[in-house]
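Two complexes come next, and they have one chain in common, chain A, joined by chain B in the first and chain C in the second.
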Partner chain A sequence: MLAELGNILIAGIKFGAIYALAALGLVVIHKATKTVNFAHGAFAMLGAFGSFLIVVHWQGPYWLAYLLVPILIGIIAALIEFLILRPLRRADMFTVVIATVFLGIALGEAFRLIYNTELLAVPGMFVGAPFVVSRVFVTKETLWVIAGALVTALACVMLFHHGKIGRGMRAMASNVRGAQLCGYSVDRVYMFAWFLGGALAGLTGVFVAPITGVSVELSIAVITAGFVAGVIGGFDSLRGAILGGLLLGVVESLAAAYVSSAMKNCVSFILLFFVLMWRPEGLFPERVARRV
Partner chain B sequence: MSDKRFGFAGLGPTVFILICLVAGLALDSYPKYVLAITIISMVIGVALVVLVGLGRCITLASGSVMAIGAYAATLSMVHLGVPYAAALLLAILAGAAAGWLIALPGTRFRGHNLAMVTLVFQSVCIILIREAKWLTGGAEGIRVPPPSIMGWRIASDSDFLIVIGVLSALIVLLMTILVRGPFGKNLQAAAGNEVAAETFGVSVPGYLTAAFVVSSAAIAFAGALAAPRIRILDPDSFGVLPSISMLAYPIVGGMYSVWGGLLGGGGLRVLPEFLRPVADYQELFFAGLVIVVVMFFPGGLVELLRRGSALVFVRDAKRGSAPIPAAAASPIAAAAEADASQVLLRVEGVDKHFDALHAVNSANLMVPVAGIHGLIGPNGAGKTSLFNIISGFLEADQGRIEFGGTSLLNLRARDRIRLGITRTFQHVAVFGQLSCLDNVIIGRGRNAVFHSMQQSFEYFIDGPGAVAARREALVALQAVGLVDQAHSLAAALSLGDQRRLEIARAIISEPKLILLDEPVSGVSESEVEGLRQLLLRINAERNIAMLVVEHNIPFVAKLCRTMSVMGAGRIVAEGRPAEVIAMPAVRQLYFGEESAA
Partner chain C sequence: MRHPSFHHLMTFTFSALVGFGFVMNSPLARAQEPGISATEITVGAIGALTGPLAFIGTPGRDGLTLAFNEINERGGVCGRKIRLQYEHASSPAESIAAVKKLVEQDKIFVLILASGSTGAAAAADYVREVGVPTYNLYGSTPIIRKPFSKNVYHGAIVPVEVASLGLISMFYDGGNAPKKFGVLAGTYAFPQATLKAVEEALKVKNINYIVEQFDQTARDYTSQLVSFSRQQVDAVLFLGSFSEAGFAIKQSRELGMSQIRWVLDGSAVSRAIIPIIGDANGIRGYFNTPAFPGQTEAVREFESRLKTLLGSMPQGRPNNYDIIGYGSAYVVALAAKSTGCQLTRAKLLDAWSNLKNAGPTQLGGLDITFPESFTPADHQGNYRLGAAIVKNGVWEVYRVLEKP
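Take a look at the complex of A and B:
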């Protein structure tokens, strides 16, 4: 019984770590630029596709995928910011959401055209028998995904909160005018936020590829999970996004095991609905320092 | 503008579908099939104009709503043996229910949250249909029984085309009536400026819920019409990607008119038939098309065509100068001379705290019948808080506010219009996407959802109610000097003219009191004097009392007969403008002058 629960929790944390990474990318872009990037899932799908190209198609080493893909997807994201989002900067949220939704579709379709298949399989980075600790199975791959995703996520939080460029993004987030007056360039900060968000999405794709393979459906799955995890975390809190991702992964895993596998997909709906209706500030909102 | 403007133009979309139907009867079997499906897409496009265009709600759930309609009809035919006509009605009900369900969260969120909620609704619906194998046949699908209406078996391509065409024309007619009438205008107002809409009795949640219900019912109906044509229903043909494609219909076609939905839906559905050789690139092309439209042609195809035709046919520039009936042009009430000694609005001992800040401190205020009373004070004095308490946007902690003997304390902002109180806004709050005429018509009040739906029918046939409303609106526009702009979009006016438009909207309901929130802020020096004279004239001709909050003291002093000065939450002075301004307490407040020593 307990071992079963252990296995379920570990599977949940593995997915949760990936969701956290997806959510983090969305939140970074939203926090700095006030845009919710509905093409985020498509970025992750392109990342998974990049991983397939490097590892399977060109038989390259796996570490190269982890290194190159985030940078490439980051550059694509920054380019998209430049070409599409920048001209729309004065438009309202309605227009921007529509633009990113269809951008996601366009990217997915571009992938479908390049590689005319439904599903591409990608092997894991590690093979070999799992460790067994009192009937709880843990593979090296699982450990790698959990550790890798969480470490990257935390590093990102550090960068955002302590790095120089992070300060620019936080300044933009709280007051665009004020940040401009202090000498931060909107264009540069926005572009970097998109680069960082895109890189995180690309990395999400590399981590998730061995589990789900590469397909157009992946993009919807990633955007849904990332968005829900972000909302749970408060959408403007980076730490909240990580916690939200982990929570979503674990709850989904539990629901799949103890209720039904169809239920797994409804969990995100129920969580999203309840959090939005009753705690729109999220379960883990950023602490706002109040000094009197 | 001819008085019959509504009648014929409004029938256009319906007639267009009927022409498609008749012309289509001459086609071969496959084109007939394509045409039938295209007409269904037109219905969906028009339905999405209501929700996405007028209501500005992004929905990614259209596929699931269509599935709900298709399955509701099919399952009731298969499992309950219901005849097709009844099954169609059931589909409409199921769609309306689904729309209401989505609206529960849908009216609380906008933008990305709404998009996400609808996306998840879509996903869950399709999962449920796939999982409930015993009912729906699951992923393998379910065969739709051949339909018949009153003993007529619908079997041939022509039969289908006729049924789909006629019923679609009917539903598009209904939606056209709603879109072009007060319902559509009020919905646009609700989506465009919530605060102003609520002030004039347009309930924002009410209208958005109605938009979800109406559009979902129509989409579900379209699904039920399509079901027998598709023959085998399976959940995956109503997935997320079709939903997103449907969202493209109103955007590409043009979001603000029935024609936009019609052209967008029809065009995007039929285009792939001509793009066969490059079928692979279709989806990419569509997604790119939407992005291009959003970036460069926000008005969509309809706007492009309109601009194109404006180049070809040079319109009569004076189109808007409608003759105003002579009798009505004169001021409505030179009624019994107002008794200025009578109190219209009485504010007594009103208190308001924000945490530690005592924003309003037992304030008293009085506006006489047909009087003009000013409220001034330095920044942070509590004027705006007091004003918002009177207008119903803030609740007082304690105190009494009486208007002609009725207490205003527990009334919502939108209930005040019935008592005869209207207002203007510090940051102009006109409905930019509506014409000046329609802006002013909304000011008449009586904007409850069902009432506006009924009214829409009256407007469609240009009944006496519609004519009267338009005439009243023109008179109000005349009074503020905007009658030439009656048909211009409010967003296109200058700031000063937008302020005039707000005044027209505030006086059309013949109120007893107008609350003017900084009526000249941001207005050019030359227009300030014009607005002052306008307000004085309205006050004199219509006996409307005014309460003015304003920073421009010379303006207030010349406009008002009495005024109050606030400082640190208290009323520090009261009286005639000249006397008040001379008071030491007031000079102290503004200039920090020591009392005349």
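Take a look at the complex of A and C:
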């Protein structure tokens, strides 16, 4: 019974770590630019596709995918901010959100037109028998995904809270005019936020590719899970995004195992509903200190 | 005002009748049969070219196109080229709209449903109502099959009652004797149709089983697999697509459940499942044609011709939908030819209902599908399946499952 619970929890944490990474990218962009990027899932899908190209199509090493893909997707995201979203900066928020929604759809459909197949399979980075501890099975791939995603997420939090560019993003999030008066460039900070969000989406894609394969449906899966995890954690909290992602993964797994396998997708929305009813600011919101 | 005399009235009526008769018997009038012109036979088809069902519709279109191109290069049928008009349709609403467009606007001669169960079920009532000759290529759903309709034919995909018996029989191949069955089924249309038939068959055979389900495009099967493990299931029947099956089997290995015998529904039997799983040896499933791609010279030649048509071969293809599309195009051409070139829908239905052993070879095509035979009372052209297994990382058909 305990072994069974252990297996379920490990699966939940694995998917939760990926949800956390996805949510973090969304939250970083939102925190700095106040834009909810609904094209985030499409960026992750492009990341997974990049991983397919490097590892399967060109037979390159996996480390190259982990190195190159986040940078490339980050650059694509920054270019999109420069070319599409910057001209819309003075438009109302609704226009910008709609732009990201349709951008995501366009990227997905473009991929589907080019690679019209149900799924592109990407092999795992690690092969071999799983580790077995008291009938709890853990593969190297699972360990890599959990550790890799969480370490990256924590590094991102550190950068945001302690790095120079992170200070700029936080300043911009707090007060755009004030940040400008302090010498921060809106253009530069926004572009970097999109680069960082895109890079996180790209990395999510590389982590997720061996687990789910590459398909257009991946973009919907990533944006849905990332958005729900972000809202549960508190959409302005990086720490909340990580904890929200892990919580969502574990709750989904437990519900599917002990309530009904058909509950897996449904439970995330039930959880979202209750959090919005009970704590609309999220379970782990950013603490705001004010001098009075 | 002067009234026409009786003589004038009779002369006018006679002239009108002669003129009407002349017009009705002229080649121009004969060309008014929907989808038939002096030079072309227009065949309409629907199927998903984008979206999650594109793995059915796109190969369907490509297999049909390849076959019709070949037939046209050999002079066509009854001196006419066959023109394929293919409409994208994924959802039920899109399917019914596409079928109506083909029938009412484009005036096609024959309708091919290359859309799987979703589109076939949506179009079922309409095609019965308008009576257009309809060929259901991939829909296993009973909605398109029952009640019997004189204008609807079914090809390589066998009824779910037949498929379910074939699937269950594969668990016992090689002297295997499973103790407890698990059925892992998708919650969407075609797995549910098969699940119903499988459950009935398992109950009749008094086999102990449990059912776990998953949503379409699911990637995490831990909870279902843990449930199987808890109940000591040693044989799992998978009803869903290859991508879903691939990740379920991969995860079962990661959870130490390597002793399970997996048997997959035909939709999951694809080359593309092997890179997902890695070592897929021993996995079984049925295939809707007598040989898997690469297994015989004819199928290898088919693959080569398809590659020439497409430019490059997408991952996981050719699949059974490519092959069935190709074979089915020849069945349509044979049915048209069997009318004695009296190309009316009524003659076509008569001819089609009496086709025997119809397949590509009769018109010079490749021998890659089970030949199809129809009777006026039975419009299911094929009842046979190929039992397939992965050996050395490659699928192969190891025996033919005859009609139970």
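A few points about this structure:
One rule holds in what follows: the second predicted complex is superposed on the first by the 289 of 292 C-alpha atoms of A that agree within 3 Å, B and C clash if a C-alpha of one lies under 4 Å from a C-alpha of the other, contacts with A are read in each partner's own complex, and residues count from 1 in each chain.
Everything that follows uses one rule, which is that contacts are C-beta pairs under 8 Å (C-beta built on N, C-alpha and C of every residue); 3 or more make two chains touch, one makes a residue touch a chain.
Since we're looking at a predicted model, the values are computed, not measured.
Partners chain B and chain C, brought together by superposition on chain A, clash.
In the superposition on chain A, A:110 makes contact with chain B only, while chain C stays out of contact range.
Contact with chain C, but none with chain B, is seen for A:137 once the two complexes are overlaid on the shared chain.
By the touch criterion defined above, A:185 lies against neither chain B nor chain C after alignment on the C-alpha atoms of chain A. Of the two partner chains placed by the overlay, neither chain B nor chain C lies in contact with A:175. Contacts of A:265 after superposition on the shared chain: both chain B and chain C are touched.
Once the two complexes are overlaid on the shared chain, A:93 sits against chain B while remaining clear of chain C.
Chain A residues 109, 112-113, 262, 265 lie at the interface with chain B in one structure and with chain C in the other. Partner chain B is touched in their complex by these residues of chain A: 36, 38, 84, 87-88, 91, 93-95, 97-99, 101-103, 105-106, 109-110, 112-113, 220, 224, 227-228, 231, 262, 265-266, 268-269, 272-273, 276-277. Interface of chain C with chain A (complex): residues 49-52, 54-55, 58, 187, 212-215, 217-220, 222-224, 226-227, 229-230, 241-243, 246-247, 251, 254-256, 272, 275-276, 278, 314-317.
If you check the complex, the residues on chain B that touch chain A are 56, 58, 60, 105, 108-113, 115-117, 119-121, 123-124, 127-128, 131, 240-241, 244, 247-248, 251, 280-281, 283-284, 286-288, 290-291, 294-295, 298. Touching chain C in their complex are the following residues of chain A: 4, 7-8, 11-12, 15, 56, 109, 112-113, 115-121, 123-124, 127, 130, 132, 135, 137, 139, 142, 211-213, 215, 217, 221, 252-253, 256-258, 261-262, 264-265.
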